[in-house]
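Each of the next two complexes has chain A plus one more chain, namely chain B in the first and chain C in the second.
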Partner chain A sequence: MTFSDFIITNAPVLLVAIPLLAAFLCPVMGKISSMVRNFWVMGMMLVTAAVAFILAYRVFVTGPVIYVFGAAAANLAIPLDSGGIPIRIIFTVDAMSAFMDIICAIVGVSVLLYSLSAESRNSSLEGYYTLFFLMIVGVFGMVSTGDIFNFFVFLEILSLASAGLIAYRIDGGLAVEAALKYFILSTLGAIFVLFAIGIFYGQYNALNIAMIAERMQFSMLDKIALVLLVAALAMKCGAVPLHFWTPDAYSMAPSSVTAFLVVASQASLYGLFRVVFTMYNITMNCVTVGWIIIIFGVLSMVVGVTMAIPQKDIKRLMAYHAVSQTGYMLLGVGVGLAVLGNAGLTSAFGFMAMEGGIFHIFNHAMYKGLLFLTAGAIIYRIGTRDLNKMGGLGHTMKYTMIFFMIGALAIAGIPPFNGFASKLMIYESVYLFNPLLAIIAMVVSILTLASFVKVFHSVFMGPKLPEYADVKEAPLPMLIGMGILAAIVILFGLFPQPVVEILVAPAAHALADQGGYIASVLGGA
Partner chain B sequence: MDMSAPLLTGYGIWVPVAWLAASVVAGIVIYLLWKTGESSYKKGTELERPYLSGNMEPEKGAVHVRASNLYWGFLQALKGYYDVLVPVHTGVLTDYMIWFVAVTAAILVFVGVLS
Partner chain C sequence: MRMSRIVRTAADILYPAILIFGLYIVAHGHLTPGGGFQGGAVIATGGALVIVAYNYKEVTGWLKKNVLTGQEVTGLVGFIGVGLLALAFGQGFFFNYLVGSGSIFGIPVPYGINAGELNTAGTVPLMNFAVGIEVWGGLTVVILYMLSGLEKEGC
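Showing the complex of A and B:
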């Protein structure tokens, strides 16, 4: 086996193994020198991203990739003597998983590059990078695993690492308090997930997602498990009215961490979609569960944006917008779920709504990550998050201002940026389902624009203030990190159709095609 | 793969490249109009100073409209809504947990576990 064959064959496990190695050797590298540590973390992140792209390419070209840990062959899902049950830990990477892997890789590289400058003035950076790589492990693991218990393990790794990084700055105890709230709520959610897993295992003697999906009866116990999973994962992705931890955690974490917390929340959103589409699908009442997700979405959009407008803390304001944008994803995919049992409606608009929601996951990760990084650059230079104390920074932080404008226009759904493309798909498809929902979504976009006009004016406009006379532009690594995300925001906005054809449509098909997922695991044995 | 292919929304299409081309044309028209404007402006002279009916120019920080002063009317118009919504965000962890448990119970009812 050549080296390239080894990489291609073992890409699913390398996706988790490389960042794990990076995490636990980071303190050792830090003992040598800070420069060695920086080269180590950046190098390992680039290698991890390369593996993610290789794996995604393989998935989009040849179909789902199965990786069975400890098996004689990587795709041997069911051992000959197991009685037909896939007992080993398994990674099942289909187009939806690969789609999420790409998001994690791009944002991971941008954020890590940005962190090299943004966090350089802080101590305990070995701990920072170790926890950051554990977050990477958590996200890659959650979106790649084909085993529900394994999903729980990665969810816990992600929660623990995230809580550590939210508390990283301490900030007079405020950051620690935010982390504690996040940690306790995450633990409560994790208990719900674990209880649901116990229900599945008790009924079906299996932890493999495909096996559970194949045996799903939608009994009373399955309904309870569904409710526990939906509630826990909706809370973890920040859906209203379970969003309360989000503004606290997002505003108190270092900005680079906040940008990646967006991806972490989306991993939970992925988990929610995986549960309802892959595990339950049409065995459940899709209309009821679809409407539950739609209600989560509408509440998130409206409450998120209206709570953002009066905020005076730039990161808290952006955190509420993150909640609001999650609403669009829930709305789009919720509509797709609500009509899943009706082939006519699914082909008329349901599938398009799903594509819009999934495309918005990608777009949101890029522009929201970019906006949090611009907020971090501003805070890095002037030392305050208070919008009332800002002004005139457009005179000195020109590049940061341009990046902010790109992110702000994208989140408001202004053409030709990427947010417009996905929102247009959501508006038009959701309008055919229920016009009122589409109108609400459009009004929320207008309010989003209004809110970011306020931020733009407060931060960048006005005369050059005396207290910020010496403020300089953000350091180069921070600008490059922002620039990567800004370039994707523009490119995906100018050329949306190829993105939809290559990445989004296969991901939506993979999510909706329960039979295909089951066959890729159990049929290949 | 046609990179400039229009985005198919299932109901209509969106052609970003055409939009961009139209924006460039509009930009050129705006530039030409701007070029016809007064050209006697001289940088670094009295022309740069704001004229406030003969009054002295205030401090730079005093003329910048701060974030809290923006959308005051919007917030006043929706005061009833905000009077309900803002206090719900208590910042108290036990409240967050109550919301979590309550929403879970509500979903149990919707899904048909509890009736």
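Showing the complex of A and C:
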């Protein structure tokens, strides 16, 4: 077996194993020197990202890839003596999972590059990078796994690592309080998920998502499990009315961590979609559940943006915008779910709504990550996060200003940036479903623009303030980290068509295609 | 502040016993209830006992944070290493390449009622050892940090 065969065969597991190894060896590398440690973390992150891209390429070209842990061969889902039950832990990477893997890989590389200089002034960086890699493990695991209990395990890894990183800058106890809030809510959510898993296991004697999906009866117990899963995962992705941890956690975490927390929230969003589309699909009442998700989405959009407008803390403001943007994804995919049982409506606008929502996940991770990184660069240089104390930074931090503008215009849905491409898809398709929802979505976009114009004006415009006379541009690694995301924001905004055709449409179809998912694990069912 | 001579002597006697009992639980993880995590936690309680019996400063001279952190790293890398080694043999991640191989931990499980053969189960005991070493280090560090405030109360 050649090296390339080895990588291709084992790509799904290397996605988790490499960051784990990187995390565990990070303290050892830190003992040698900080230079060695920096090379180690950056190198391992690049290798992980490369593996993610190789895996995604394979999935998009040849279809779903499965990987069975502890088996003699990677694709041996059902052991010969198990009576047809896939008993082992399994990774099932279909187009939707691969899509999320790409997001995690891109944001992971740029955030890590940014951290190298943004966090360089802090102590105990070994712990920082170890927890950061554990977060990456959590996200990759959650989006790749094909086993619902395994999903819970990675959810917990992600929550614990995130809570540790939110509390990383103790900040007079404020960050610790935010982390404690996040940690308690995450644990509560995780217990909900565990309870739902218990219900599945008791009924269907299986933990494999494909197996549960195949045997799904939608009994009373399944309804309870659905409620528990939707509530817990909607809370984890920060949808109103369960959004209250996001402003605290996002604003108190170091900015580089916040940018990755956005991806972490989206992994929960992926979990929510995976549950409703792959496990339940049309056995449940899609219209009702679809409308519940749409209402979550609309509430998130409106409450998020209206709460964002009066904020004076730059990161808190952006955190509320993150809640608001999550609403768009829920709206788009919720509309897709509501019409799932109706083939005519699905092909008329259902798929387009789903594609819009899924494309928005990608775009949001890019521009929101970019915005949080620019906020971090500003805080790094001037030491305050209060918008009232900022001003005139456009004179000295030119590149940061340009990156901020790109991010702000993208989040407001202004062409030619990527936010416009996905929002337009959502507007068009949702308008066919229910015009009122599309109008709400557009109004929220306008309010977002208004809010970011205010931020832009108070941070960058105006005369040079005397207290910031000697402020310099952000260091080069931070600029490169932001630049990667900004380049993708522009590129995907200029050429949305190929992106939608190559990446987004297969992901949306893979999500809706329950039979294909089951067949990829259990064989031609 | 140290506790009375009676408590300290009892702690001295109990500490090796706790250590051995913890290691026993780790080593028999694949045969009896327990395993790496439980055994490691038992050993860490021994650390808690000596901190209570002696004082924090004295104990940090015996239980060094560097060594314990090193144990954590060793355990974790050992665990993932056992899994990755399977890839080197051309099998799936975490494939049990030792079971039934005849080498260490590789003899087949005896049939019928027996006392429990330690030399079975392949890579499972190795992973138990790794987890045991990791939890031993990790939990003891946690206890050291949590009890580091004992001195400041002035009791």
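Definition applied: the second predicted complex is superposed on the first by the 523 of 525 C-alpha atoms of A that agree within 3 Å, B and C clash if a C-alpha of one lies under 4 Å from a C-alpha of the other, contacts with A are read in each partner's own complex, and residues count from 1 in each chain.
Rule of thumb we're sticking to: a residue touches a chain if its C-beta (ideal position, glycine included) is under 8 Å from a C-beta of that chain, and two chains touch if they have at least 3 such contacts.
Everything quoted here is computed from the prediction, not taken from an experiment.
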**Message:** Taking chain A as the common reference, can chain B and chain C both be placed on it without clashing, or not? Answer clash or fit.
**Reply:** fit
**Request:** Mind working out whether A:72 is in touch with chain B, chain C, both or neither, as first, second, both or neither?
**Result:** second
**Asked** Touching A:17, do we find chain B (first), chain C (second), both, or neither?
**Response** second
**Prompt:** Which touches a greater number of chain A residues, chain B or chain C?
**Reply:** B
**Prompt:** Who does A:285 touch here: chain B (first), chain C (second), both, or neither?
**Reply:** first
**Prompt:** If you stack the two complexes on chain A, which partner ends up touching A:216: first (chain B), second (chain C), both, or neither?
**Reply:** neither
**Request:** Determine, under the contact definition given at the top, whether A:25 touches first (chain B), second (chain C), both, or neither.
**Result:** second
**Request:** Pick one for A:244: touches chain B only (first), chain C only (second), both, or neither.
**Result:** first
**Asked** In the overlay of the two complexes, what angle sits at the CA centre of chain A between those of chain B and chain C, given in steps of 10 degrees?
**Response** 140
**Message:** To be precise, I mean the smallest distance between any C-alpha of chain B and any C-alpha of chain C in the superposed model; what is it in Å?
**Reply:** 24
**Prompt:** Can you list the residues of chain A that touch chain B in one structure and chain C in the other?
**Reply:** none
**chain C to chain A touching residues, read off their complex** = 69, 72-73, 76-77, 80, 83-84, 86-87, 90-96
**Prompt:** Tell me, which parts of chain A touch chain C in their complex?
**Reply:** 1, 6, 10, 13, 17, 20-21, 24-25, 27-28, 67-74
**Fill in**
Note: in the complex, chain B contacts chain A through residues 1-12, 14, 16-17, 19-20, 23, 59-61, 63-68, 70-71, 74-75, 78, 81-82, 85-86, 89, 91, 93, 95-97, 99-100, 103-104, 107-108, 110-113
**Prompt:** For chain A, which residues are in contact with chain B within the complex?
**Reply:** 180-181, 184-185, 188-189, 192, 220, 223-224, 226-228, 230-231, 234-235, 241-242, 244-245, 247-248, 285, 288-289, 292, 303, 306-307, 309-310, 312, 348-349, 352, 387-388, 390-392, 415-416, 420-421, 424-425, 428-429, 431-432, 450, 454-455, 457-458, 461-467, 493-498, 500-502
